[in-house]
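Dropping the structure in here first, questions after.
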């Protein structure tokens, strides 16, 4: 059944690319700044809701992407201000933003409903579909390439994003941002305003998360305030799996960024396959949890194997000495 | 590298596993159920029952999205890729399948069920002339006839109210229909919304202060989850509730015209068989239940001092809450 | 150069007002430009607190700090870092393990300056860094592209020292920076410290556990106990100090014996 393999491959690639943007955003907050930002689960659907609203209002898709990224950055601003100025622990700050974002997303949905001629503004609507005639960002390439148009579009977007991120983190500001994440005290000893850098980093991170939510909503042609559920797990699993795949080659920054995409794709593959073996998606949750633990264990296993190989080669050297 | 090998063997395993019947005469039907709740389960069972009784060779792939957007997306892509016909149970599932079909650029028919208003939900432009290889059955409750019931209770009701959750788009549709029906039957109509269930009590107080003599509760899952808060107030104020669906009668409503989801599923199954046998979808408008039987609840009526007129009692198909 | 007027700092353990720990009680200290002051005292004497309030990691409850007539009280620690270079006790604190040596040096070179969107480290700068590293005579000039974590503790402290001295700071703070090193490496770093401080003529405040070092290096010595400066010595008098004298002074001033925590030997 070649068709099944083909489907598994293309579906995983499609979703993997979209979730790679998400992964890159979470990579910035989680790996570079060393902050666990739970706002992701709110910012993702917020990006989607804003997208569907703007597309319904006939805003050109490329502008929509920019506006949504900025909106996400604003959410990142909120989280980081809560954390740096009000000294709220980052975990809670993220949760506050998430709680803020969901009704905000529903408000946007309500505005979309209103602009379509139903009901009055100010209502909260859980989910809304983009009506058929409105074109998304994907429309451009999809015309010629069908399904692969989606894949190529997101792929190009990823290339641009990775390029920009690689450049950014090589600049003076970028290096100072990385320093802040690694060792706040040392950064301050080098007269870096760490608060400002945390703010910048979280704005960047959440901007990407919102962008990924936008792509997802355009892909599904729907905005749903529950779309954010589980995105943290997907993002973290993608990052960790990517690091596992690129073990040892993980040092160069460009490779680190690419590994996030590889991890996102691999994770979607695994989930997709698990979904086919377990038809009832109820058990899928349990399997996902187990898979997550397995992914977390991979670095341990790799280290053990490496040490064993090291021991064996040393033994070999000694016996030949 | 080990990981890549692992992935390869997993893929192979999955492929072998899913190769159960490669029979080209078997119709592959993919079903995406949005969430595991009784009405949707009943619809599915009704659907399958009709297929079983026919002499169609088919294979069903059922996926449950557990109310999660991400799962809807990946399940829909999978199902569309590997089915000859797909069924979406509930609006989010149907939307997901529609989006997936466009992505896959695969022209397979989509059926939906348990969708209240397919046009409003963006699934199609015209209920009566499906033009995008998508059609199905709607669980829209007969709002007009349900409002009409207020005039048949023998209470000379002049003013009715309606409460619903602002999160549910289906409720907004029902509100518009209720308003139109109230105008038709010469009833004063007022409505209030809430977004958190904790607000229900306060909202009910406002409605009662407004002087409503009857309350209409639409099919609204958020409302249903906190129905007792509504009933507490109407019981004290001795106001009858006409419910949008049968489940509400257990919780305090006195009457409804009910939707039988099993039957709705069966209807959908019939449509599926027609399509598989070659019928043109554009000639298959969205179908509704032809029968919505009247159901009354005696005990709740007694609690507020209501005695059903005999004609109504005779019309009723089922009477609940009667002592043995 | 550095003026501390009536500095007091109290910690309240367990948030209990009745349970104060007076870490610093009315400290008055004046460093002239070019002074190299060693600070010695037992654990809890307040010497680390002293360094921290100068650096800005802790705020003062009373008193004023001035650095070259700049009032430091309201400045945050990263703002003070513009003028103050610091080497910590833990070799891991003063530099970033996961980043490259050249990136660490780069960060130090930007201390006090604005960071922009220009691309990071350029060729000319690399050559500068190489020259700097070469001056240490520790064979580090070819290790610009190594991760900091690959260097030994002593090498990291040496580089941190170099970093702290970049951009001509007004003040150099050394917080028991050899305490975590083995004796041999500690001596190398201490000699290096002495050399660099002399070459750069930078005002230095060095907290140390080691009484020998305290006597041997610097032109002034301060002994602290229980939040107060109990003894100072400078110039010729300091040069001729012996450890026995210090011990006796300590007993005189506090009525207690010198705690064993002070290392008496090299």
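The letters A, B and C name the chains in turn, as written, and every chain counts its residues from 1.
Note that a contact is a pair of C-beta atoms (placed from the backbone, for glycine too) under 8 Å apart; a residue touches a chain by one contact, two chains touch by 3 or more.
If you're wondering where the values come from, they're calculated on a predicted model, not measured in any experiment.
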Checklist outcome for this item: Among line, ring, star, complete and other, the chain contact graph is line
Checklist outcome for this item: By Cα-centroid distance to the whole-protein Cα centroid, the innermost chain is A
Checklist entry - Counting C-beta pairs in contact, which chain pair ranks first? => result A-B
Next on the checklist: Going by average Cα coordinates, which chain is farthest removed from subunit C?
Outcome noted: B
Item to check | Mean-CA-position distance for subunit C and subunit B (Å) | outcome: 73
Item to check | Centre-to-centre distance between subunit C and subunit A (centres being mean Cα positions), rounded to whole Å | outcome: 43
Next on the checklist: Centroid from C-alpha atoms only, then distance subunit A to subunit B, rounded to Å. What do you get?
Outcome noted: 34
Item to check | Residue numbers on subunit A that touch subunit C, as the complex places them | outcome: 167-168, 170-176, 178-179, 182-183, 185-194
Next on the checklist: Per the contact definition, I'd like the list of subunit A residues that touch subunit B in the complex.
Outcome noted: 1, 3-8, 10-11, 14-15, 45, 103, 106, 110, 113, 118-119, 123-132, 146-147, 150, 216, 219-222, 224, 226-231, 234, 244-245, 266, 268-273, 275-277, 279-282, 284-285, 298
Next on the checklist: Which stretch or stretches of subunit C touch subunit A in the complex?
Outcome noted: 77-79, 81-82, 86, 88, 93-99, 103, 106-108, 110-112, 115-120, 163-164
Checklist outcome for this item: So, in the complex, the side of subunit B touching subunit A is made of residues 3-4, 7, 10-11, 14-15, 17-19, 22, 36, 61-75, 77-78, 81-82, 91-92, 95-96, 98-99, 102-105, 120-123, 125, 132, 166-169, 172-173, 193, 195
